[in-house]
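Going by the order they are written in, the chains are A, B, C and D; count residues from 1 in each one.
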Amino acid sequence: MLSSSDERQGHFERAHDPARVLALSDGVFAIVITLLVLEIHVPDLAQGQSLREALREIRPSFVAFLISFVVTAIAWAGHRDLFTLIRRTDRGFVWLNILYLLPLSILPFGASLISTYDKDSVALGLDGLILLSIALTRLAIWWYATGHPDLLHTAVDAQSRRAGAIVVSVAVIIYVIAIALADPAPTASLAIYAAAPVLYFIGITISRASAPEGSAREDFT
Amino acid sequence: MLSSSDERQGHFERAHDPARVLALSDGVFAIVITLLVLEIHVPDLAQGQSLREALREIRPSFVAFLISFVVTAIAWAGHRDLFTLIRRTDRGFVWLNILYLLPLSILPFGASLISTYDKDSVALGLDGLILLSIALTRLAIWWYATGHPDLLHTAVDAQSRRAGAIVVSVAVIIYVIAIALADPAPTASLAIYAAAPVLYFIGITISRASAPEGSAREDFT
Amino acid sequence: MLSSSDERQGHFERAHDPARVLALSDGVFAIVITLLVLEIHVPDLAQGQSLREALREIRPSFVAFLISFVVTAIAWAGHRDLFTLIRRTDRGFVWLNILYLLPLSILPFGASLISTYDKDSVALGLDGLILLSIALTRLAIWWYATGHPDLLHTAVDAQSRRAGAIVVSVAVIIYVIAIALADPAPTASLAIYAAAPVLYFIGITISRASAPEGSAREDFT
Amino acid sequence: MLSSSDERQGHFERAHDPARVLALSDGVFAIVITLLVLEIHVPDLAQGQSLREALREIRPSFVAFLISFVVTAIAWAGHRDLFTLIRRTDRGFVWLNILYLLPLSILPFGASLISTYDKDSVALGLDGLILLSIALTRLAIWWYATGHPDLLHTAVDAQSRRAGAIVVSVAVIIYVIAIALADPAPTASLAIYAAAPVLYFIGITISRASAPEGSAREDFT
């Protein structure tokens, strides 16, 4: 028979197990990554219209789907990288993760918005706010987790902690600039959103290459 | 070779394994938590209308999405807390869990309803009924599980069992009051629905702080 | 280092592991069980119409959601019971399971159809065909799995195998009768569809009670 | 206490664990396989129209659902077969898998397109491009994985590697032909799309039968 202390420890581990946090998150990721496909409907042809013309009209739906797919895929890869460090969750971590899923869920709407109104400052600003919220909650999760070594498989040293925060902060700053430019220079704003995924790949590649031998960053996706 | 008794025990464990109950539940949670995003469509602009005005018109969809997201997240966190106690399921438990998923699935409709008709007594009453059904089935699962120690990792003592039931009963009473007020005082009714998530956080925080040293309640999310 | 024979055995086990079959199936179950909620939209009010009247008009959507929820829940519970027996899958089993998911996916359409056209023989016949296909593929899976003892944790004896087949065959016969009655006696046909879930519960309860001591049937959900 | 080298190894294994890649993929597969059911709506009856006639009008939706279901099921079975070989993932593999999920997600749109415009060369060409993209990314994953023995449970010899690539290349060639025929011979093009799943089954069956004793191919689904 288990001693009371073993029982207590058993419940503690189950209560801090990340398994269901991942199950919910991966479910949300899978839905968000495919959601905008639902918006791509086979068009009806107007009088004398060719299918090619009709498909050209629904091009913004394709573009929105692509943007949403790529941004969600990057978010998922980053989420997966983060959770390779996590051994346990706690109340704060679970709720921060839920907070992170919130702007992620609205992302398809933002992508759809800027694909339809690609020069409208309101659309560009709103999409920027969604992307900024994803980056900010991501930063909060990173800072929280690395400040709670009991949640981690291996403690993250202060330097790596700051390095990780700086990487996400760069995204935060980029999106703030893009939002600020939404009204005076919508084209520049749009260019930033388009370039962000490319910057991310470059950033991760540099981060992997510059990672000290044997650090977790070498394995980032 | 296994003896017949070992085989019997093996099937018993597989038949009472909570794994697929969690897989189905987390799938439903992920869908419900993102479902209302599907209702937020990029608006077409009427003659002379700005995008800002058009977005203001679809604000109820955003509000409904937010309500549904928060309530579902709370329900998921509570469901996760409950299942940290569960070692096995049985027929009654599985069906109570399915019964619990039923009002949860309709929750997005209720959120959508009160965000559109926020002063209509029928809308407020119907949304209250959905929330009440979630609380009542939650209460039933708690009472059932804690009354079947063979389903639990560790038996729950009578005092903790009552304490857990009282917490959910408070939610039941609050929703009954909100439903009763739907017709005579719709604003009060709406205020209660808005306040309920806040009350939940306060309730859990008190419950964690007041939990006896080493009790499972300390780990609740 | 592993010998080639161990490697072969390792791949054999991975290739016959039911894990991903369950992951796909539970994903489909979760989607199907919540799908019709998407059809329940908050109604717009016509001139002088009350919300109560408008909601009454969308009642068929609620009924369809409920039917679909209950039938899918039963199918899921049966699928879970079946897989407690399964240790391995093989090619035939995997494809039979996919074949089973096909009518299951169309079930929401059938439920929606009879809730809108509840006296139309075409609607009743089509819904019956969907339910019949679910029962027939279920029967095929049972017969296939129990005829391949290498797929099972414990071999099923000939008597239990026939007993299981008879239970599902009763459902097959009931649905054939309901389809035959769709045209001459639509009300009787509808009554059979409504009664089927009730019959299922009674059937399982009898099956559990009459199961020989120590048989797998005792644990069915 | 763990040595730093053990910690490093632990993170390495978690960072290359395929579990979440499968969770995301199976979520996407489950959504894609059921997505087109959402397009099958219960029809409203026009004046004097029978339900049978109204259902006949929405037949393309059924056909699109069926095509999408079958092609997705085949893709899922192939994905499952592939992952029985995979022990670890790496950055390239994870992104190739995401790239593979992209055309898969658009597949329902392609199926819907050719079921509505079954003689239109643009529809046939676009659907062909989607199917071709699935085959090409599949080929890339196969080539990448088998060229990185550290990702595999058991190294794949050069002959098996080429044999696997040839099987998928046949699909690539078939789809290229179907796309080329879309304009001059739409009926032939359509026939190829319809025949492809049948060819797949025959191909796998031959591949299983001709597999050398003890090779992984014997277990393919």
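As a working rule, a residue touches a chain if its C-beta (ideal position, glycine included) is under 8 Å from a C-beta of that chain, and two chains touch if they have at least 3 such contacts.
All figures in this text were calculated on a predicted structure; none of them were measured in a lab.
*Asks:* Count the residue numbers both chain C and chain D use at their shared interface, divide by all numbers used there, and answer same if that is over half, different if under half.
*Replies:* Different; most numbers are used by only one of chain C and chain D.
*Asks:* Tell me which chain's centre, taken as the mean of its C-alpha atoms, is farthest from chain C.
*Replies:* Chain centre farthest from chain C's centre: A.
*Asks:* Cα centroid separation between chain A and chain C, in whole Å?
*Replies:* That pair's centroid distance is 36 Å.
*Asks:* How many Å are there between the centre of chain A and the centre of chain D, using C-alpha atoms for each centre?
*Replies:* 26
*Asks:* For chain D, what residues touch not just one other chain but two or more?
*Replies:* Chain D, residues with two or more chain partners: 23, 26-27, 30-31, 38.
*Asks:* Where on chain B does chain C make contact in their complex?
*Replies:* Within the complex, chain B touches chain C at residues 4, 7-8, 10-12, 14-17, 20, 23-24, 27-28, 30-32, 35, 38, 91, 94-95, 98, 101-102, 105-106, 108-109, 112-113, 116-117, 120, 122-123, 126.
*Asks:* Which residues of chain C touch chain B in the complex?
*Replies:* The touching residues are 22-23, 26-27, 29-31, 33-34, 37-38, 40-42, 50-52, 55, 65, 69, 73, 76-77, 80-81, 83-85, 153-154, 208, 214, 216, 219-221.
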